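See the structures that follow.
Across the two complexes that follow, chain A remains constant while its partner is chain B and subsequently chain C.
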Partner chain A sequence: MTKIESETTKIDRETTKLAVPVRAKFQSVKRIGGWHAIGPIVIFVAILVVVAILTPAFIGGGGLAIIASSSAPILLLALGQAMVLNVGSIDLSNAAIGLLGAILLALTLGPVAGLSPLIVLLATTAFGAVNGLIVAYAQVPSFALTLGTLGIFQAVALVASGRTTVYVSSNGEGIHALYESGIANVPLTFWMGVLVAVSLWVLLRYTRIGRGMTAIGKNESAAIFSAVRTRSLKVLAFALSGFCAGLAGIAIIAQAGSASPTGLGSDLLLPAIAAALIGGTSISGGVVNPLTVIFGALTVALVPIATTAVGIDAQAQSLVYGAVIIAVVALTMSRNKASIVK
Partner chain B sequence: MVHNALSKQSAVGIDTTAIRIRESVIERRARFRGLAEPLSLLMALAVLIVVFSLLNERFLTTSNFQNVLTQSAIPLIVAVGATLVILLGSIDLSVEGVMGATGMTWILLSANSRGGVDLGPWAWVIALGVALVLGVASGLIFTALKVPSFIVTLGMWYVGLGIATMLYGTDLLPRLEDEGLKGWTSRISFGLPNSFWVALLVIGLGILVLRSTRIGRVTLAIGNSETIVRSAGLPAFRVKVAVFAIAALLSGLGGILATVQLDIGSPTVGSGVLFIVIPAVVIGGTHLGGGKGGILRTVLGVFLLTILNNGLILSGVESSYQSAVTGAILVAAIVFAAWSQRDRLRVAK
Partner chain C sequence: MSDVTTPPAVLRLDAVSKSFGSNRAVRGVSLSIQPGQVIGLIGENGAGKSTLLKILSGNYRHDEGTIAVNGREVQFRGPADALRAGIGVVHQEQSLFTNLTIAENIEVNTPIGRGGVNRLGLYNWRRLYADAAQALDLIGSHLNPKTRVSDLSFVDRQMVEIARAIRVSAASHTTPLVILDEPTAILERTETAILEREISKLRDIGSVIFVSHRLDEVMRICDRVVVMRDGELIADRSVDDVTEEELFRLMVGRETHAAVRNRRSIEPATKPVISIQDLTRAGSYTDVSIDAYPGRVLAILGTSGSGREAVARAIFGAEGFDSGSVSIAGYSGRPSIKKAVALGVGYVPAERKTEGMVGEMPADQNITLTHPGSAAIGPFELPRRRLSLARLWFEKLDIRPREPEHMLQDFSGGNQQKVVLAKWLNSSDLKALVLDHPLRGLDPGAAETVNAQIRSVCDDGTAIILIPDTIDEALDIADDIVVMRDGRISGVFDLGHDNPATLDLLERML
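== the complex of A and B ==
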């Protein structure tokens, strides 16, 4: 009896020994190739089909163009956020930087005209780089640091704008044209986001810099030991987040012609994070695809429209929004039974 | 002597005296470090109080003192829950949503200007029940589905706000009509505002839970190493759900008190609380990674931020600068705390 028992346990042990690596291999294949690339697109298309069936006029009436144009600032912020998430950090200040950029743009377009967007982009990139420098060299948790700088940027925006809406006084035509003119009925601001996404994809996929960033997100200690320049790459990721935030600020001005410290832009932080996550970015770092983030942003812009189309009360929108964020991340997240989730 | 005798008895015969001395030095240093951080916070508080009382004679009056205590009561209550969650190594962003949902439920079930039912004390029970459901839902999704707490509670923030907005509907804003409750939070009994007494009770219970209950001890252990907790057979799953439930209950209590203080029901009753609570926990010295910190430190953090904001307003600084001050202090605190531990190979997320 005992002999048979010990034999079976032996076999059991052997099969499990075999089974574990095989299963792990399967999972990793599934994770990299399959769901992560297609998931965000499937979700967007599924919601879109539901909307199209319930309100056929939406697709015919240029609804897609509306979604694309309203998603432009979210997309730009989400791309920056995705780059920071990829190195295993988070940037809670990027929407505030974007808003500050929009206010600076509205203030400076009159006096310095064409130079203004350049100044704004330089400034926002520098703001992001400062975040990155502190995170990399003082070795503080990015969550707490960017929460702190979020407060600082918010206050600067309030003071710079004098707590009121700032309108573009003159020379606004060039910027406004970004929203007015477009390709395939979709404003240039959205295509700007797509262009940034493609460039970031190339950066991440084919360059040493991008591979290094992903390596930091996957295992920072290993990256340090492999002579990856972790500190400069982290600074670069945060600087890119600031740069994207500056572009989002430009998109806001192009769309609205004005910026207010409490208006469009101040509520973009959480939708942008949601867009990055729905777009398949891992919150713990090392997994990102800027191209699917585009669909993440489109999904975020589609949810409010979809809820109204399905006939859900406008008041329930944020409820649905919250539930969708949880559900989508729960569906697309790669998880491992033994892993610890914080 | 005894040590020497013991080491001689051991089979290998290694002299462990040096190791023991080293251990006791490390222990003493750790004890000193545990004291030094709260002490430096207390000193910062003292400096602030001295500076502000020199700048404005209204600062050091009894009425302003009571004012500061009333202002700090709600953040204190919410921060106790937030500390527990952060000690797990997780984060609770749903604070403002839970506050809104609970506050709206409570006022609609109490005597208010919209009429409707007046359930009296049952309104408290049902409203806190809503908070409990939201908290347990967060906890279950976090533990069972393994969705990071950042996302779960971010979603739950919106869900709470959605519930509050639906309850608010399109009617007139519900005004509190119970004369006994109006202004209850800032009324003084035994020298302190009522809401502060509630906060003191919550802080006391929180410390008790953390120090001497299984939930509290396992919470700290999970923050240190969940792998070890699990392999030791401790109930990590249940404790995590319980901590999120407690945090949501405290947010809910804060939401009801904020509604009483505001006199009106509003879905955004909790707006801005998250930006006080999380910086306060971090400034207090609780590690965002979990396992290290405590409730009393958070209390110091909340006081530091409230006194600073109160003092700045009394000194005539525009309120636009408030968030910058909170932010700058947060940045300074974390840089200060991390500076001595800098190491090329250290990983800070």
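== the complex of A and C ==
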């Protein structure tokens, strides 16, 4: 045995040259990885600089705080979406769940007061988990399933609200304080999003649950053959998406004091997906960093302001959204999986 | 060869080099191939074989040296140029369109507008079938060009690839040079024999470069063997003046040190770790009963229709069965992968890239994916601990380069397989390991390390169930051999007291 060892070390020395092409390949991978991490920040800062040059008053007048506060619901939804995208699925229903949560909160705050946010979070988490259960066990593709549940949750929201705006009748002060008070002039709702992002980052980076989720997104068959609990983890990802949607619902009530099926929060689905993608989340699964999703959400909130600053007509805003999304996904997408992306 | 009347070499390379940055992948390779010759090209993973092949197929451009085809110097600007010059490459991973017919696959490379297959952008189907039949006829194949490729066996698909490779040169009446990149790596023994016969037929119409990791095969099929190491062509021998051992030494740079296994019969009192009873799955296998004992390697032999892979997957809970039972360490409830792993079973699948590993994850994360070992504290896994754990495995299994933080997909096949193995060896309580073609596609050096590791875990008391690539692999490493034919067991040998001949085993397989 010792003879073998001495010989292998000898070969090792001889063949270190062999490692060179592999290493060269590694470096290019590293470069892409680096861009993945800082890309969303670079894009946010770049747009911010343009806005600052064109309208200097914006930065001086607390513009950043305005962006942060308006991005809170988008950020929360985007974080949930990013977790689902990470396991290779998509949740089209999470914005609808968030709005339904907001309506439930407005309806129940009066009768049950402090218990109300808890009930709402439990309900939205359960909604998400049901999505996940059907995807994992009935093997319905998530795109089709959540397209269906999106319609169902919208209908429930319409019925629950009686098709009108639901105002918080009483006990709204606590929730409202989340928006009114803040740290560094930024409302607590945004910091709530940051807290969730940090927690998810820890989950993904330091726990076996997070590792398993990423493995599912990258290669589900290999994850199954490695005894990763793929079904439970998918359910968990969808449940987290529901939970984040519930928090987004709370943020909506905190900001507006009311909720309606057509009011604030009714059109957050696409901005939230955009925020997740701009934040470096791979649409084909397995790549996510909740911390950069924060910058994705900030960028999405900044785009309307930037378009106005540049002098683009408000009607053309979605055009800018579209262009930014395409550019960012093209820049940050992992090419290795290009063949799988349809 | 010095005879002036010999026709010009089909292919002549003169001091061809290719660098990637500072790395010289191919260095000053000179080689000449005569019409009708079959040349074996061998070398370890990373020796520069693939780069050389890609230069010949027009995928890479060489930096230095000259390439001459049939006496004329050429500069390939792309794969189409190489094809026109008569060089056809059959890649390791098949590149056929399985949803199309044989004829469409063969004709896919023929130039548009010429030959009449393609008129005004439309297929001339009659012409298409006729031309494809002609190409198949050239290599002595009787496949029907109208068959869909998805209905073909692996060997037949290989024949279609060869027909496609020679199609262009056949049309332009040049002598074709067919390059076969590890065509037998995933074939069963009987299929290999068929392919060997077909390759020797190619001698009559052109030349062949045959890349393989199986030295015995190279010795049987080829006229000459060239060996590459570290980008250089270090030996060019006629098969008559070289032995398998010598080729191994040239290729790896050291002697083989496969120890002869010291075998014993099963002790009467020992209990099997895995015991399957009358296992049946309709259309796949029937009444299979196998016992695997701790500290013993059990090899299951059989051809591709024998159902042995399905049995292995049933043991791991990856596939269901209709009746019978699988008992792992006394447990015989409903089988599932989760349950099997919890009971201490590991499985190295044949499909490494799709089932064995998460290529886009770093190697260290792959190792701890199933059994975190010392990298985990409760539900948490600490990156630093994981890395140092992975370093230990990299050292122990000689995984190169020693950089476990890099994506697993960037490692060579042999090193990837070692990482997959480490994933299971990282279990503190590995009772049984099911290995489905563990040496597939590995160079002999890597295969030896993997085999040595299998022996060592086995000696520590793990039961090994092995689906080997070849009979020799089974005779080399197994303590017990079970032979399957058409889904039924046709022979059981305890090598402690039985001494079956290769022919005997082969007979029970066919």
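FYI, the second predicted complex is superposed on the first by the 306 of 342 C-alpha atoms of A that agree within 3 Å, B and C clash if a C-alpha of one lies under 4 Å from a C-alpha of the other, contacts with A are read in each partner's own complex, and residues count from 1 in each chain.
We adopt the following convention: contacts are C-beta pairs under 8 Å (C-beta built on N, C-alpha and C of every residue); 3 or more make two chains touch, one makes a residue touch a chain.
Note that the structure is predicted; figures quoted are calculated from it, not measured.
Looking at chain A, does chain B or chain C touch a larger number of its residues?
On the superposition, B touches more of the residues of chain A.
For A:50, select first, second, both or neither according to whether it touches chain B, chain C, the two together, or no partner.
Touch partners of A:50: none, neither chain B nor chain C.
Does chain B (first) or chain C (second) touch A:206, or do both, or does neither?
In the superposition, A:206 contacts chain C only.
Does the superposition put A:229 against chain B (first), chain C (second), both, or neither?
second
Which partner does A:283 reach: the first (chain B), the second (chain C), both, or neither?
first
Return first, second, both or neither, reflecting whether A:330 touches chain B, chain C, both chains, or no partner chain.
first
Of the partners chain B and chain C, which touch A:221 in the superposed model: first, second, both, neither?
both
Between chain B (first) and chain C (second), which, if any, makes contact with A:135: first, second, both or neither?
first
Between chain B and chain C, whom does A:65 touch in the aligned arrangement: first, second, both, or neither?
It touches nothing on chain B or chain C.
Identify the residues of chain A that lie in both the chain B contact region and the chain C contact region.
Common interface on chain A, chain B vs chain C: 221, 224.
Which chain A residues qualify as touching chain B in the complex?
So the residues of chain A in touch with chain B come to 88-89, 134-135, 138-145, 147-152, 154-156, 158-159, 163, 220-221, 224, 270, 273-274, 277, 283-285, 313, 315-326, 329-330, 333, 335, 339-342.
Using the touch definition from the top, list the residues of chain A that touch chain C in their complex.
Against chain C, the touching part of chain A is residues 3-4, 7-8, 11-12, 14-15, 17-26, 29, 205-209, 211-212, 214-215, 218-219, 221-229, 286, 334, 336-337.
Can you name the residues of chain C that touch chain A in the complex?
Within the complex, chain C touches chain A at residues 20-23, 25, 46-47, 230, 252-254, 257, 318, 337-338, 340-342, 347, 349, 354-361, 365, 368-370, 372, 376, 379-383, 398, 400-401, 403, 406-407, 409-412, 423, 452.
Which residues of chain B touch chain A once you look at their complex with the stated criterion?
88-91, 97, 141-142, 145-152, 154-163, 165-166, 168-170, 226-227, 275, 278-279, 282, 288-290, 318, 320-331, 334-335, 337-339, 341-349
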